[in-house]
Amino acid sequence: MSLTEDPTFAAFTSQESNVRSYSRSWPVVFDRALGSYLYDTDGRAYLDFFAGAGVLNYGHNHPVLKKVLVDYISSDRILHSLDMFTEARRDFLQTFNDLILEPRDLDYRVVFPGPGGANAVEAALKLARKITGRESVVNFTNAFHGMTLGALSVTGNSLKRGGAGIPLVHATPMPYDDYFDRDYPDFFYFERLLTDTGSGLNKPAAVIVETVQGEGGVNTARAEWLRGLSELCKKHDILLILDDVQMGCGRTGGFFSFEEAGIVPDMVCISKSISGVGLPMALTLVRPEHDVWEPGEHNGTFRGNAPAFVTAAEAFRTFWSDDELEKATIRKGAYVESRLNQIAAKHPDAGLVAKGRGLARGLQYADGETAGRVASGSFDRGLLVETSGPEDEVLKLLPPLTVTEEELDKGLAIIEAATDEALAA
Amino acid sequence: MSLTEDPTFAAFTSQESNVRSYSRSWPVVFDRALGSYLYDTDGRAYLDFFAGAGVLNYGHNHPVLKKVLVDYISSDRILHSLDMFTEARRDFLQTFNDLILEPRDLDYRVVFPGPGGANAVEAALKLARKITGRESVVNFTNAFHGMTLGALSVTGNSLKRGGAGIPLVHATPMPYDDYFDRDYPDFFYFERLLTDTGSGLNKPAAVIVETVQGEGGVNTARAEWLRGLSELCKKHDILLILDDVQMGCGRTGGFFSFEEAGIVPDMVCISKSISGVGLPMALTLVRPEHDVWEPGEHNGTFRGNAPAFVTAAEAFRTFWSDDELEKATIRKGAYVESRLNQIAAKHPDAGLVAKGRGLARGLQYADGETAGRVASGSFDRGLLVETSGPEDEVLKLLPPLTVTEEELDKGLAIIEAATDEALAA
Amino acid sequence: MSLTEDPTFAAFTSQESNVRSYSRSWPVVFDRALGSYLYDTDGRAYLDFFAGAGVLNYGHNHPVLKKVLVDYISSDRILHSLDMFTEARRDFLQTFNDLILEPRDLDYRVVFPGPGGANAVEAALKLARKITGRESVVNFTNAFHGMTLGALSVTGNSLKRGGAGIPLVHATPMPYDDYFDRDYPDFFYFERLLTDTGSGLNKPAAVIVETVQGEGGVNTARAEWLRGLSELCKKHDILLILDDVQMGCGRTGGFFSFEEAGIVPDMVCISKSISGVGLPMALTLVRPEHDVWEPGEHNGTFRGNAPAFVTAAEAFRTFWSDDELEKATIRKGAYVESRLNQIAAKHPDAGLVAKGRGLARGLQYADGETAGRVASGSFDRGLLVETSGPEDEVLKLLPPLTVTEEELDKGLAIIEAATDEALAA
Amino acid sequence: MSLTEDPTFAAFTSQESNVRSYSRSWPVVFDRALGSYLYDTDGRAYLDFFAGAGVLNYGHNHPVLKKVLVDYISSDRILHSLDMFTEARRDFLQTFNDLILEPRDLDYRVVFPGPGGANAVEAALKLARKITGRESVVNFTNAFHGMTLGALSVTGNSLKRGGAGIPLVHATPMPYDDYFDRDYPDFFYFERLLTDTGSGLNKPAAVIVETVQGEGGVNTARAEWLRGLSELCKKHDILLILDDVQMGCGRTGGFFSFEEAGIVPDMVCISKSISGVGLPMALTLVRPEHDVWEPGEHNGTFRGNAPAFVTAAEAFRTFWSDDELEKATIRKGAYVESRLNQIAAKHPDAGLVAKGRGLARGLQYADGETAGRVASGSFDRGLLVETSGPEDEVLKLLPPLTVTEEELDKGLAIIEAATDEALAA
């Protein structure tokens, strides 16, 4: 019986747009979730190495966060407030400053740009253009920054770009760190274009970059590459926008994924795991001297999602009062890396490559078909894991940071088995 | 003591961007809310004729919705799921179909475009361009459709447009219904441009319109104007996108604000009050024959905000199982209109004009300064009400639809007093 | 025998692009030309009411101009010099100043923008954007300003716009003077958009306008409309670019077609008849205070077409030392108008309308097919006359200004006969 | 006495725009010209290694071409005819086919795009976009293609790009052949972007390239690089536009500069020397299968510059009936190269580099200031030679192809002396 004929799925297949995608890989109806597990309507458990595409760094329904959320709602406190002053917003701002910014010696003003990561990117691009009076932006090959028009123009994926229906302009792609297997000096082309007044490159207002390209195939930028980029931007008076939507909030270890490189971007985009429980929320952080907006020049309805402020502040207190989570993430990440390398070594002719940093990990297969078979085989064995990369050739592992070692082992064993099966096919 | 020096506000003034706006009009810290009232940290009550800019049509923390929300979260059900199948999504789709679409004889597929109204507009514009193969869009004077680049390009406000930092193109403004005090035939210019092959107007993919322009100054389009627009679009093979982000979900009476006109737009954008309690959620409704997207061609992280699905479905059951809310809204709206007309009549030389439809109402003053004094005087008297329009010259009343007649009377009395005071100044 | 099979036309049909157009209406090979006549290779004479689309205001091979041209070339003087100083350029500049600008109390700097009218328009648009720092331009319905990308973006014709292959942006069409049969106040819509900060019109750098739209269908703007436009531009700090490429050099009477209205545009584009004998040449005239270009910021190879400078200066001396040509043009124009009105009156049910100013005249038919039959019937009778307008529904008469009254009579009689025949069909 | 105060220059300094450029380097008034010499109004001779920026490949006022031009004009033949059939156009088309295209086994349709090189480029870009349905174009670093908006968008020079006043979009620069001193494989970056569906490069409609970048600094592309580019375009279904405006008509040896590489571009832009005597004329050559334009979809007033057709056809007969000119150009070019190498060798520490191909030659200095002193010192010694390159650091030698060996020696001796002087400073 096809999905379309099955009454279980009738509401979806007949009423939701064809654009839906994840439900095609995982054709079950999920209902409950706790920690590292999701459960479908039949009660079957699925180990979650997807974590809402990076939204659920602290796992599903973390009891501490759930409690403050339920308490907040139950006591009739404000749920929605645009950018009005609220107690929830004050506590969020104060805690963010005290536990996240100050300890890292960072001085940023907070813009609440709207509820999603694309809003954070759109706000950063707008502000960078206003500050510099320039229009053009440099992005990197295989970048992903969002689906709204401004964010899409700096995104690489051709299917998604084509969806815009208008020519996407004002952006020029430059090679990301690993684009030529590091055969060439960093920024050799970008810097040449910037210093040559006849190059034809419109001088950019900003460069937008991810430290690890999750959607692009779990490509990692080395710390020295990020430092080189930061210096290049400073030298040429170009603003550096760090899109930490997927890699921030501890995914690679530190709260911000750029901490390890020791750089201080001009703007930082944060979203996904910021609320801690999956509620829509996003931030654009800007240096005080760049905060040149007029009141209301950028606005939006859902900038005051108070339940998200409450869980976000509690998440800071729970996970970022000390460095235990950071250390655990790095330790778990190293373990995943070693296991992925073992799997790769087991199939020396298959061209498997382990990639990633912290708990953002990838296993690259020879092609998208193979990676797809591994993902599908993993689902059959009770593991949710997606693929990414231009040809979907990379199995992308984003377990909750709170995952236990047993869960990691279980998931990696499934991936190993699914890989064995896929490569034997 | 200035706001900056007051420690109560230190977290806001030192850590939040200068772009914040509502908090400038209402410099208190809100904390609790129930029904038609907000309460600040000192316990002072404020009657709310703002309702989250149209997000809180059912008032704050409606007990029925709050209960299902708390129950859902408390029982560890899924909070975030992208576009995976979930029980919450299924129930939402089924209920939306059974209680909203079917009774109105509407056949739409649902796109979950992202969490905010701008996402709904961006998705509609992308799809309209894909369907038609054209790039240009016609919008209307004083339109407001959102702050992301695609949505901003069809928005009228010059401060917000300027914020883009790049020239906004691919859109041409046409006069909205009341733009010339109805001195000229409807669409006389638009239709002339469409039929003249030498006009220089790029043939548009779509027209995007609001039935009542909330941000633009509570300008209402007559039913016959909307019908004329719908026919014009059909005749010239242009898609009609109805942005019901602020006016939908019962604000003007019917669930959709276009019902009264008897038209069926090609696409409908819904957001704001759809979740019923202020959680970020948006929909783009498209005709089945226009649902030509590839899987994943448009996507986004927060398309699966399950708590919002749960409260949205419950709101349908609570408020849209019968026509009581619709009738009450129309009745209350007529009452507000009569009271605003009385206030206007009381000051015959002040050029006051009552505007609006249903419970989207406006009182237009001679200039923005006067309207601002009325809004400020209302706040001093315990009423939250904002201004809109190109010069902020319109006091904009968006009380919860659940407002009582006593509350309406109280708020209108405040507005009358504040008007008297402002005009006496 | 079809044109393709006829060896006479083989070189054209096999070697020239399909884009050729005039040769389709007049399938003979021309070779000689004098005064108001062209002659084909068989010696047959054609009375020329086309005059190179406005290039040959002084007729073909005017003996005085021909003499200076042959003398110049024969004596080995410089033919090509980019923007180097040459004696020919000096004489042109001096004569242009002494005989054209000074007597009209006009103070303009001369830009040599390149050889054609589109270059003059491109230069004006670039400079207007540089001066104002704005990008957008307002053009008018049925405008024609050229085929290069910048000029095309302010042109109305949809076939030609479509040829760009990219969306044409940064321009908004406004209704030209006669667009609504003068049912509405001038600029009622344009001014409303400019004064409404919420209109969504990007504030334009410039307005570009023709006093008579030749390609657009010989639509004339009244002097008071032009004055109103000039005042509107001044009031809103918008530059006024007058495209006098086709209507300048005496076509409507005065040397500049805007003299009659008493306005002084900020920039003037001149080309077509400026050389007097059909050599490619163009000018962009700018007010001294607007001459803010860096040396070489705009350049081009054929800015120093010395033979054209020589004939242009001689044409000034020959035709513009007194007001005889101007008076004759107005007189002849009035005569043509009266005869066209007679023809129209003869066919009261055919909807014929006489249009135009000076010796830029049009006779509008009910549709393009009828006008095409009249043009074709005129050709059969030995008269070259083209059609224009969005549907090619206007017979467009541009005889040389030096046409005799006998030639006018002869041509008008042909048009009358061809009209009679076409309407009888 | 400054130029402004000198009455000799009054007409220029007071009446011509500040945008003039060449006259700043050569502040004398030229009047006569013959062969390789220009003469100022005082009769002083200047040896011309500039040749109208490549317009005067056959020298000034070549007697054979002058004779046919004077004869044509004197006998009242048609001077201007848009795209009507004329005997002059027929002869041009036939001769172009018989002497240029057929002997080279090339099959192109001729578009007369307007009078200048930029028109040829604009037409090619428009047609390429129409054919492919794509908008983007790839150009190369330091490319120069013209000053109109479309042509400017594929030009590299930042001063000229800035002059546009709007963001230039739809073009991406790729590294030209010698951009990294050939340290990297050809097209390593371009091909990678094309094959990576996540690269973010909009798939281009066309690539536009010069075989030698004259304005860009006399950068030459090797034959194998051009072949590689041609193959890359074919493989990825991208049109190859060869801009031969400056390097065509024999400048590098063969009539087309791409002959040596053995490639057949999809479109070729020709202008500058095509008329042979400096009259404005341009061609866009397109493959028959790409000639998909509607009649009139691209047009323009000066597409029928008959005097230019006449001299162009005569130039074909005079110079291109055999291979003598081609051989002489290559021989003379080799001689110039050897002499430039001698000059470079004489100053081993000065970083001089000889560049170029055929009689398009360059001598690169360490910086623009030095090259400017050499150009200025050459002028003082009676030689016209300009600089090019992004910093104007390359002395650019474009003598007429008809230059004698004595003239070459004389000019090269001047350059040597001026170099010695400049480097001694």
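Order as written gives the chain letters A, B, C and D; numbering starts at 1 within each chain.
The working rule: a contact is a pair of C-beta atoms (placed from the backbone, for glycine too) under 8 Å apart; a residue touches a chain by one contact, two chains touch by 3 or more.
The structure displayed is predicted, hence computed values, not measured ones.
Contact with subunit A and subunit D alike is made by B, C.
Between subunit A and subunit C, the least number of touch steps comes to 1. In terms of C-beta pairs in contact, the better-connected of the chain pairs B-C and B-D is B-C. Centre-to-centre separation of subunit A and subunit B, using mean CA positions: 30 Å.
The mean-CA centres of subunit B and subunit C are about 49 angstrom from one another, to the nearest whole unit. Rounded to whole angstrom, the centroid-to-centroid distance between subunit B and subunit D, based on C-alpha atoms, equals 58 Å. Contacts with at least two other chains are made by residues 135, 159, 166-167, 170 of subunit D. The touching residues of subunit C, when paired with subunit D in their complex, are 9, 11-12, 15-24, 26-34, 38, 41, 52-56, 60-61, 66, 69-70, 73-90, 93-94, 96-97, 109-112, 114-119, 122-123, 125-130, 135, 146-151, 153, 159-160, 162-167, 170, 205, 271-272, 277-280, 286, 291-302, 305, 307.
Of all the residues in subunit A, the ones that touch subunit C in their complex are 166-167. Taken together, the subunit A residues at the contact with subunit D in this complex read 135-136, 139-143, 154-159, 161, 167-173, 175, 179-180, 184, 188-189, 192-193, 196-203, 216-217, 389-391.
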